[in-house]
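This is the structure I want to talk about, given as structure tokens.
Going in written order, the chains are labelled A, B, C and D, and every chain counts its residues from 1.
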Amino acid sequence: MAFQEIELNMGPQHPSTHGVLRLKLTVDNEVVRAVEPVLGYLHRGMEKLWESLTYPQIVPLTDRLDYLAAVSNNLGYVLAVEKLMGLEVPKRARYIRVILAELQRLASHLAWVGFMANDIGAMTVLLYSFEDREDILDVFETYCGGRLTVHGIRIGGVPFDMDAGVAGMIRRVLDGLPKRIADIENLLDDNRIWLHRTRGVGVISAADAMDYGLTGPPLRATGVPWDIRKEIPYSSYEDFSFDVPVLAGGDVYDRYLVRMREMRQSAQIIRQALDGLPEGEFQAKVPRILKIPPGEVFHTIEAPKGELGFYVRSNGTDKPERVKMKSPSFINLQCLERMCKGNLFSDVVGILGSLDIVLGEIDK
Amino acid sequence: MTDAAERHPFLLTRLDSAITWAQKNSLWPFGSGLACCAIEMIATAAARYDISRFGMELFRASPRQADLFIVAGTVTNKMAPIIRRLWEQMADPKWVVAMGNCAVSGGPFPTYSVLQGVDKIIPVDVYIAGCPPTPQGLLHGLMILQKKIAGSHPTKEILHPDARRTD
Amino acid sequence: MPEELTDRPDLLQVAEALRERFGDPVGAVAFEKGELAVRVRASELPAAVEFLKIVRGFNALNDMIGLDRHPAPGEGRKRFSILYQLYRFPGRLRVRLVIDIDEGEAVPSIVPLFKSAGWAEREIFDMFGIVFRGHPDLRRVYLPEEFTGHPLRKDFPLEG
Amino acid sequence: MTGRTLLFELLIPVLKIVAVILYPMVMVIIMIWMERRVVAFIQGRLGPNRVGFQGLLQPVADAMKLFFKEDIVPRQADAFLFNLSPVLVMASSLLAFCFLPLGESFMIGSYTLDLRVATSPVALLLVLGLSSIGVFGIIFGGWASNSKYPLMGALRSVVQILSYEIPIGLTALTVVFFSRSMDLVAIVNNQRDAKVWFGFLLPVSFVVFWISGIAETNRAPFDLPEAESELVAGYHTEYSGMKFAFFYIAEYAHMVLVSSLVVILFFGGWLPPFPNVKALAFLGRVPGFLWYLAKIMFFLYLYIWIRGTLPRYRFDALIRLVWKWLIPLAVLNFVIVALGWYLL
């Protein structure tokens, strides 16, 4: 059948766009010719709102950016503010932050693998991975009462000490984790359909990836060993020994493998942090009304989705003059067109899924 | 017909309870994930909380086949016309649950781009507070909706089309 | 944390090279909280970015940040600034280029140098109304086309 | 006409017709319930358990609710075809059930009770043909909706169903070689006489038939026409209420049909297993239709199991699978069986 190029509209309310993203696709006989993401359906005006809030008030709002990795957002913002203040955070607090951030990375990657597999039609994986994720959310809930939007990090430290109960809970989660990751891998790794749908699909070269500013697991899947935890360590990451998984294929399958391996490394980091948890304060002295002298900083961390940066500019009052967030998903999503061109229409959802985007931080 | 119905209210009541029994036990939600709450909605469908016990796990991708519109997350001004259109595409009888503070009232975002409550554009049956509500919260809200459906009179709406909800 | 630029010879070298190449522009070199910021003229920006990318090996554009100084930009200052965060991998080097512009002034686009600038420039256009000359597809990225105003300008009310 | 013949000639056919409508419906209800529970168990969930005993009434509630739902015909749709297509889909699978025997014929007094509505010497051909009429319903539905996603879903569906018809036909023919009849009862009786089920005699035919059968019914991992991550809900995106229910029920009825065919063609229909083993002779005392139902249930369970485990094929892989693997395999199998039959 002579099929003309047709334009398809995916979203903004579509089962697989992971939120309110709209994709304008030009399809020629199921082959993708062009993809244009249309953003802004979740634009809440965060950055404008932040200019009218005090520094500590902003922390809970950062939870709502990348809502699958709330603690990572907290950490990114809080570290930027602390750098601006020149505040030294107690070592115990830094370790607890690492534990929370890595747990969050586990939760985020687990949710990702579930969504990704669900997009490709293997819905059981989603249910398995969410069950494992629930255990981690239980840890957060026990630690500070939050499940999804955790608000687990405060300026100057962490809100609560890590007691033996929570530590034991985390250890139990970590003990069960290898088996659960293996369960998921059993369903996917040697599955011919999964391999067919992911291998050689959505390939991007390392040079292109750098040009597009790709960060995080998608970049490491192209062979660039860029992990800010190693590159510019923050929050005492230099104390822990862990590997940065790097693969060279640059396709969907390698992105999947990188994330699965990162989960094991995260578990290792958490164990080290729990074992080496130093005694002492978990919160530095921070004035009740926090006024920061004029200045500006840009600080980045390695969030589960990629490089998460916060630019904070103070003007001497208790409210920032400008807070700008560099969201990894926003930058990573730009690559979609490059990755999708020439692939099949059915692969768009897989490629989009493999980028691990969250609309909350794209649209801000 | 109407006179006969009024002479035998018993029959209509039985019919009402049969219809509402079916309706409340077979609420197929329209999977409309907008923001953070969508993740908790998915968690509700996942193994720990398992919405399927109530027969609600059939998240329909097409609004035409759904009965329940869970507005899960922040509705922006850019999204509002689409939400309205999706709601209009749903077949009657339909119900709306506003999940989370954003859908209820705009939540923590009193800004230029956020709709201050989804009830400004579509009628809402149940409001669930929380930022986001826990899965237990969502399930509780859905059970309240079931109670609300059980107390409704669908035959009245069929016999007197004017009596249809105008809220 | 080093407070003097001389403590960071690698960054000092970059600053010297930029100063040598582009003269001493308005605010020149600032070093604060371990971060190097170099002010350049808006017209020279693409040349500066290209110099950093090709000669000094800064291969990643982290972010572009818009600033509005309304209503008091300060003596002799222009209203808007755009900050370019560049990063060199490997090498742990981070440089911030700053340009100042006035209302209605167009900025040369750096999309030909970094593809990642595409959406970042659209975002600044959307939020501040700053026009980028030579951008292939300059449209609003978040707000609908029919939206009036640019939210992150200081004279735009929060409620819209 | 005596009262007796009137009873047999009129009443029994009417009863049979009622049964042929009720039987697929009951099977569909059981299948829907089973699917939702079994998939839930595979995923570590509970599944529907609130309505009736263990949620058994869940499909009833769903059907009742759909019955009372508003019926929407989109303004841009072609109303006639839009309304026709669910009927076509439903009718084609119900018609096919007319030729499916539920068991052996038996005698009540002098009257032979045939456990099927229509007898035909080419029942197999008719069943296969009738069940593929449904594809017209799908293409009409997708086209009449006048919207892109349903159209793409329908196109995919048609290409898929037409392609997979070929291996189904080719493998069904190998069975006919052995049974020398297209009468479904005769095929089962042949297996009894041969003392071996054709599934063991023709394993390749069975595997190809079963895979193609899954693809015929648009089920996972071949559920591309309804791949909701790509196409929203495929060809029935625009349908609501009872019309959607028709599509939904027809899909499950089709699954029951394919399972029944597999059981009849390859697994001895209502015959008890192990007829040769003396110690297990008591199995023969269990009524035949129970064996029949049990075997059908097993294949329905297989459907669900596969759905709970495998990801979805991509469209090109799906077509490649049938044209590059299944059809050549079916042809080769056909030739080998024919040669073997001729030489032996």
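FYI, contacts are C-beta pairs under 8 Å (C-beta built on N, C-alpha and C of every residue); 3 or more make two chains touch, one makes a residue touch a chain.
Predicted model, so just to flag it, every value in this text is computed and none were measured.
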Notebook entry, point to check: Which one of the chains is farthest from subunit D, going by Cα centres?
Noted result: C
Checklist line | CA centroid of subunit B to CA centroid of subunit D, Å | finding: 35
Check: With chain centres defined as C-alpha means, what is the inter-centre distance between subunit A and subunit C in Å?
Finding: 26
Next item on the list: Please compute the C-alpha centroid of subunit A, do the same for subunit B, then give the distance between them in whole Å.
Entry: 31
Item checked: Inter-chain centre distance, subunit A versus subunit D - centres from mean C-alpha coordinates, in Å -> 45
Notebook entry, point to check: Residue numbers in subunit B touching 2 or more other chains?
Noted result: 46-47, 61, 78, 110-113
Margin query: Give me the residue numbers in subunit D that touch at least two other chains, ranges are fine.
Written below: 43-45, 228, 232
Notebook entry, point to check: Which subunit C residues touch at least two other chains?
Noted result: 142-144, 151, 156, 158
Check: For each chain, which other chains does it touch, given as pairs?
Finding: A-B, A-C, A-D, B-C, B-D
Checklist line | Residues of subunit C touching subunit A in the complex | finding: 1, 32-33, 35, 37, 59-63, 65-68, 83, 85, 89-90, 92, 94, 96, 114-116, 118-119, 127, 140-144, 151-152, 156, 158
Notebook entry, point to check: How about subunit B: which of its residues touch subunit D in the complex?
Noted result: 18-19, 21-23, 25-26, 28, 46-47, 50, 52-55, 57, 60-62, 64-65, 67, 89, 91-93, 154
Item checked: subunit B residues within the subunit A interface of the complex -> 31-36, 38-40, 42-43, 46-48, 61, 73-74, 76, 78-79, 82-83, 86, 108-114, 131-132, 134
Item checked: Partner subunit D, residues of subunit A touching it in the complex -> 6, 8-9, 14-16, 30, 117-124, 127-128, 131, 187-188, 191, 193-194, 196-197, 344-349
Next item on the list: Could you pull out which subunit D residues touch subunit B in their complex?
Entry: 36, 40, 43-51, 55, 57-58, 60-66, 68-72, 228, 232-233, 236-241, 244
